[in-house]
Every structure is written in structure tokens, then in C-alpha cells.
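Just below sit the structures, each encoded as C-alpha cells.
Both of the next two complexes hold chain A, though its partner changes from chain B to chain C.
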Partner chain A sequence: MGGSLNINHLLFLGHGALWTIGLSVIALVGGGLAGFLVALGRVSPSRTLRLLAATYVQLIQGTPLLVIMFLSFFGLAAIGFNISPLAAAGASMTIFVAAYLGEIWRGCIEAVPRPQWEAAEGLALSRSQRMVKVILPQAIRIATPPTVGFMVQIVKNTSLASVVGFVELTRSGQIINNSMFEPFLIYSIIAVVYFSLCYPLSRLSRRLERTALQKKPALA
Partner chain B sequence: MNVSTAQSASPSPAATAPVVAMRGVHKSFGPLKVLDGVSFEVARGEVTVLIGRSGSGKSTALRCIDRFETIDGGEIEVCGRRVDDDKLDLRALRLDVGIVFQSYNLFPHLTIEENITLAPHAVKRVPKDEARALAAKVLKQVGLEDKLHAYPEQLSGGQQQRAAIARSLAMQPKVMLFDEVTSALDPELTGEVLKVIEALAADGMTMVMVTHEMGFARGIADQVVFMHKGKVHEAGPADILSSPSTPELAQFVGTGL
Partner chain C sequence: MGLELDFSVVLDRWRSLLDGATLTLQLAFIAVVCGGIIGVFGAIGRRGGNPLVERLCGAYVEGIRNTPLLVQIFLVYFGLSSLGLKFSAFTVAAVALTINVGAYTTEIMRAGFDSIVKGQIEAAEGLGLSKAQIYWHVIIWPGIERVYPALTSQFVLLMLASSVTSQISAEELTAVANYIQSETYRSFETYIVVALIYVALSFVMRFGFWLLSLALFPRRRRLGTPL
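== the complex of A and B ==
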């Protein structure tokens, strides 16, 4: 590419931005599914499950995402498992997001007033029926604003996948900069793209939070 | 499985046995003794009213009947089932016992109809259309037939409480528990809820209720149980409210309640 900034550079950055979005979606879906299980584990009546889920959350929240990336790419390769940058980045993000979303959602499940459980119990609903038909629908309403808010963290954290050679937005910027040596210009463009991905999400999160507050049912 | 919408006559051989019997029940929350050897019985078709000061243990006693609290000693028998048994079939107990709470606890994400049809459909496998017919019937009973498709937040407190009673009724319980169901309501709304309960009593529903409405208790109770410091201090027909034999009950009814 070389020379001054041209359309090819921008197309390359655009391609990188698409992978940033792609990796974010993988992280949200994978981490969301795993995080849901973590949240259920955290509120499970089984002590073992609660302990397992809590340990997982503590372990991942106490480890930098960068280290998880290194472990799943270089670490696994060193012991004979060669995985692609996409697989390593996707797995790392999933593991990371699951711990955080799991904890956010546990809070949302516990935020459903205790008497709702009792009312459901009094009607002879089984534990899983209480969870699925009474608690989760209310918890999902509570969970929507913080979950959308956390998506901002997901988008920004995908930039760490650049260290395992996954060509997302940050990595594509590094590659262009290596040929152009215009770090201020290139990284400014990248910052603007990240901002334009994240800003609508945080706006949406704030709006959801406001409407959730207005619609809060009057529970005595 | 009984899926009919009619009130099922109990085939129990012990038709004369009490529906609820507490015998020497003890219960502590940590160092605090809430129930200190509580005993009383509730006969079929009768209304038992639990009264007493806040903290006297009456609500805890009521919650023990539906095993929302486990007990430390004594026996509780409900519809021929030992509630204090570890192997108790909780589902069966709660099919027999309906409970209505002070804070209504309707499910805010469901319409009134869905609130009512949820348990009959999910627990008793009543087909959807039959469950809806049942909902219409119990709502009519509490005077809310026009609120079928409303959400709880659109109803007044009194209407929400009546809907909660209807939801409980739809499970066709053998005994109903009312835990201070009018304490969150103003006098006018209290009246409309009490009227519904009176109609249930007239229909022969077995009921145990905790209430602070002394006038209402006097009118409806077949048995009044006055609790004081975790014990049954005085019990008897509604007359004991007019002529109490212990100074504590005299003071309690004399305080203008």
C-alpha cells in the first residue's frame, strides 16, 4: 500500500472494522449463552454449582483479557494445539464475557423481588417453572440496559485480539501504520470508528434505563 | 388428574379431621423465639382469625402452614399431610393450600388473565381454553370480570388484591391463607377486599387469616386465636373479642383496633 492515505487504506480499515463487529457478535452470543449458564449456576440451589460458577467468575475477573488471549493462542500452541487467531480470539472473548455477563445477570435475577418467588411457590409451580415463567421474564427487563451498556466494553475489548494476529480494526490500523508511519492520523481514525460504534450503544443503554425506570411496576 | 372447573368434593376418609392442626410448634429466627409451643386447629369450612401485636408470631405461624418457614419443633398437619416431614410433597401441599399476601404479588409482566391461568395450566395441566374459562369465573367471583386483559399496574391496590385472591381460587385450594391482605390498603379499598373474603366464607371455604381488622374478625371468625409473645394466649369463638378473659387481649382489643 505505502504512500499517503488512500481509498485502499480506508477499505482495509473498513474490513478491519467489520471484523471488530464480527468478533463482538461472537463474543456477545458465545459469552451470552455461557454467561446465562453462569448466572443460573450462581443462583442454583446446589452448593456445588454455586461454588463452581463463583470460582469461574472470580478466576476470569481476576485475569487480564490480554493474558487469556495469550494463553489461548500461544499457550495452547506450545502444548500442541494450533488454533487460528479467530478461534483463539473468539474463545477468549467468550470466556471473558461469560464471567461478566454472568455476574450482571445474576444481579438482575436477584433483583426480582423475593415475594415474586413466594407467590409462584404458593401456586405450586416447580422451581424451573418459577424461574422460566415468573422470574426470568422480569429479570430480562431489568437486564437489558446494563447488558447493552456492557456491549460497549465488548466492542472496545476486541482490540486486544490484535495481539494474537487477528486482523480487526486495531490490527488493520497497525498494519497500515507500519507502511505509512502516520500514527497520529491512523490511530485518530481508529479512535473515531470505535467511538461511532460505541456511542450509539451507550446512548441506547441510557435510554433503555430511563424507560425501565418509568415503567417500573409498583411493587409494595 | 382432576381438571374440572367445579369445586371438587374431598374424598378424604377423615372428613371430620381438622384441615389444619398445629401442635406445640416451635420456631426461632436465630436467638429470637417467634413461636413458642403454638397449637390450634382449623375445622373444615371454618374461618380462623389470628390476631395479635406486630411481632407476636401470627404471620410466621400462618407461613409455617404452607411451609414458607420450616419449624424447629412440634407438628403441623395440613389436609392429612405432615408439613414438618422432610419428605413432604411440597407440590401436593401447595395444591391444597392457597395463600394471599399483603403485597398482592401479582406477576407484573402478565395480564390478570395470564396471572390466573398460569398455575392451573402449568401445574394441573388444565387446557388453555378451560383455564381461560376458569379465569373468567373466578374474576367474576371477585367482581373483576372486566379486568381480564389489564396488567396489574393498571389496577388499584384493592383490585390487585382481589385479582390475587382470584388467582389463588383458580387452583381450587382446600384451605386459603390470608396474610394481612388489607394492611396495604386504605379503608375504602379494604372494604371491597373484605367483601370478597366474606363471600368466600359464606361459600364454605376453609380459611386462616391474619388481620388487624377487628370489626371484620368479629363478624366472620368461627375461631379467634390471640397470639402474644409467640404463644396462643387466648383462643375461642369471636365472642372473646367482646369479653376477653385475659388482660392482654382486653388491652389489645381496647386499644381502639
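== the complex of A and C ==
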């Protein structure tokens, strides 16, 4: 049993916090790219693509992230694919984030007023031109507040990577706790760190939401 | 190495899986009922006019919504035991999940209560209803009716999130899965089966909430408007 909390412990926690941020960025970028494809699949003219994307969303949104983590770390190892905790955590977060962001963004694409589609069609733009030049720029504006809001979920959910042994904030807290057994103190510190990562994002999301409401486009 | 999948050793343990799934649903049920009650009072507190209560409810909501459930569970687990209170893992899990979902429900219900137009409340006051009657008949039920789909999604997410309580060894579905895979060395098959059980549970829950909505909001059913 070793002593009281000292600067080295805090440095170790800081290191863990950096990995929490790192994993969040991986999840946001990977999940964002995949989620964009899911959103496009959900509004695609092809029935098969729509069905595929919808099935993916239903399956992932019906499965806990924890089970996805276990599946990609222990499950893949058991059938002969050994992957590192970072790869397992990154892949699980990407799979998870893609389903949720894909669904959020589908809503945003569909929230672009119908006449915009029709006008773009009337200008003889092709489907991809319509998407890129007319719909997506407007959808991105609608999508910003909920996406920032979802980033809070991403940061919080990286805590589950601790179960596959990835040393992010929660895991580094567990490791320190194993050596000094002050669980309440350590988890309180960790909670405060998570709060200071997430709360600014929550505030930003709410502010963006409010300004978006004020600047409602004239075209409805 | 060839890829051979053997689901039979996992499916043979269907009794433990069933027990785990039952416990998951029990946890979800307790948390939904208690969290729902917290949500109603929290939402009333957040718009009730007393600045201190508003502050407290706001701090509760923001504190819970901006920290991970896993950390909350550890805090409740070690917090209770450092106070010298010993509870079973199931009780701790139920308490932590209730505290967690209570915050989200507070926020959703507040949105519902805020969506009631002022004229309705003034009309109720004009009819001489008491404050409690106004809350019950004009604000709470119509408010819940409006945010019912959001509540349903939140409660399904809670059921999925209850998997995290396996970390304090509550014997729910994910804990059962961990146990089975350590016994059979078939972790891939185990987690696939368990993932599908969770998918099924979330469908069951959505269906249950849809049935409940028919009983709770008969006016909707008569008008035939979708929730």
C-alpha cells in the first residue's frame, strides 16, 4: 500500500486524459467518415443500400458499446486475430459512433427543405451535384449543434475502453487506485476531469443551437 | 489456423443467459420507474421558480450528463462502502442507474413541460384548478405525452448502458457473458449471441413502451395520431 496522492499520480492521470482525448478524436474522425457513408446510404435511391444502412444502425444501436468492445478485443483474439487494445478500442468506437452520427446526419439531410431538392433538380444538376452543392452545405449547418452535443457522448464512452485494458483516464485511475486504495478520492478527481472535458462541449452545443434557432433560414 | 465457430457450447448455457437477461430487464425496470419519478420532480424543480432548487437541479443534471456512467457507478459503489454501508452489487447498480437516468429524464421532461403553452395553464387557473391539479392534468401528463418518443429512446439506451454494471459484478447479461466466455474460451461466439440478445431486448422494450403508450394516452389512440 503506497502513500498519498502525489504529483506523479497526477501526471499519470494527465497522461490518461490525453489518451481519452486521443481516442475521442480517433472515434470522431473514424466514426464521422463511416457515419457520413451510413447517412448517405440511409437517403440513397437504392433500396438495397437503404436497407443495409438501416440494418447496420438498428444492430449497433441495439447493442451496448461494452459488448462491442469485448467482441472486438476478446472475440477477435479467440478466432485468431490478435489486436492491440488501442486498435480494439478505436475500431469499437468507430463502429459505434458511425451508427449514431449516421442517424443524426440522416435527419439533418432530410431536414433540408424539399424545395431545395426540387430547385436543384430544376437546374439540371446531377444527383451528386445536388448533394455536394446544394444539400450538404445546408445540412452541415443544421448538423453542427447535434454533432457537438454527440461529442460529449463520445468522450464519456471512451471510458469503456478501460475494460479492454486501454490506459485512458478511467483505466489510469484504476491503476493508481490499485496501488493506494483511495477509490472515492480518485474517482472524484476523474469525474471532475471528465466534467471539465465535456461541459464546455455541452455549453458550446447549446449556444450553437440557440444561434441556429435565431438565424432560421427564410426559405422553409 | 482455420476459422471454426461453435455456437452450441454457448447456446447450451441458455439458462444462465436467460437469468442474465432477466436481471438486465429488472435493472432497467427499476431505473426507469425510479428515474422517471426523479425526472418529474427534477423537471418541476428546474422550472418551479425557487432559484436555489433550480440551481440544485441544474447542477445535478449537468454533473451527471457530463461524466461517464462507469465513473458514476464506481463513485456510488465505493462511496457507499466508504460510508460503511454494505449493499449487494445489484442494489448499487440499480441506485447508480437510477441516479444516471434521472438526470436525463429531468432534462427531457423539462422540455416537455416547457412545451405546454401558457394559455392552457391560464385556462386551468381560470377554471379554479389547484396548483397540484394544474401540474397533474395540464402540465405533467400532456408534457410527458409530447416527449414520450424521446423518453422511450432514453430508456432503451439505459437498458443497454446497464451492461456497464457488470464491472462491479452485478450478475446481468454482460457479466454472464464474461463468465461463459471464460469457461468455454468461445468469446467471439458468446459476445455475438449476447449482442443479438441485447438487440432483441431493445426491440422488446420499444414494443412494450408502444403498448404502454396506448394505455397511457387513450386520446392519441382515438385520434389515430402517431406519437
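By our rule, the second predicted complex is superposed on the first by the 218 of 220 C-alpha atoms of A that agree within 3 Å, B and C clash if a C-alpha of one lies under 4 Å from a C-alpha of the other, contacts with A are read in each partner's own complex, and residues count from 1 in each chain.
We adopt the following convention: a contact is a pair of C-beta atoms (placed from the backbone, for glycine too) under 8 Å apart; a residue touches a chain by one contact, two chains touch by 3 or more.
Source: prediction; values computed, not measured.
With both structures placed on the common chain, the touch criterion links A:L11 to neither chain B nor chain C. By the document's definition of touching, of the two partners only chain C reaches A:S202; chain B does not. Contact comparison for chain A: of chain B and chain C, C touches the greater number of residues.
In the superposed pair of complexes, A:Q129 makes contact with chain B only, with no contact to chain C. In the superposition on chain A, A:A119 makes contact with chain B only, not with chain C. In the superposed model, A:A78 lies in contact with chain C only, and not with chain B. By the touch criterion stated above, A:Q138 is placed in contact with chain B alone, chain C being left untouched. Touching chain A in their complex are the following residues of chain C: 1, 3, 5, 62-63, 65-72, 74-75, 78-79, 82, 160-161, 163-164, 166-167, 174, 177-178, 181, 185-188, 190-192, 194-195, 198-203. Interface residues of chain A facing chain C in the complex, by the touch rule stated above, are 58-59, 61-68, 70-71, 74-80, 152, 156-157, 159-160, 162-163, 170, 183-184, 187-188, 190-191, 194-195, 198-199, 202.
Residue ranges on chain A touching chain B, taken from their complex, read 115-116, 118-126, 129, 133-134, 137-138, 141, 217-220.
By the touch criterion stated above, chain B contacts chain A in their complex at residues 66, 68, 90-91, 94-95, 97-99, 101-109, 118-119, 122-123, 152-153, 157, 164, 167-168, 171, 184.
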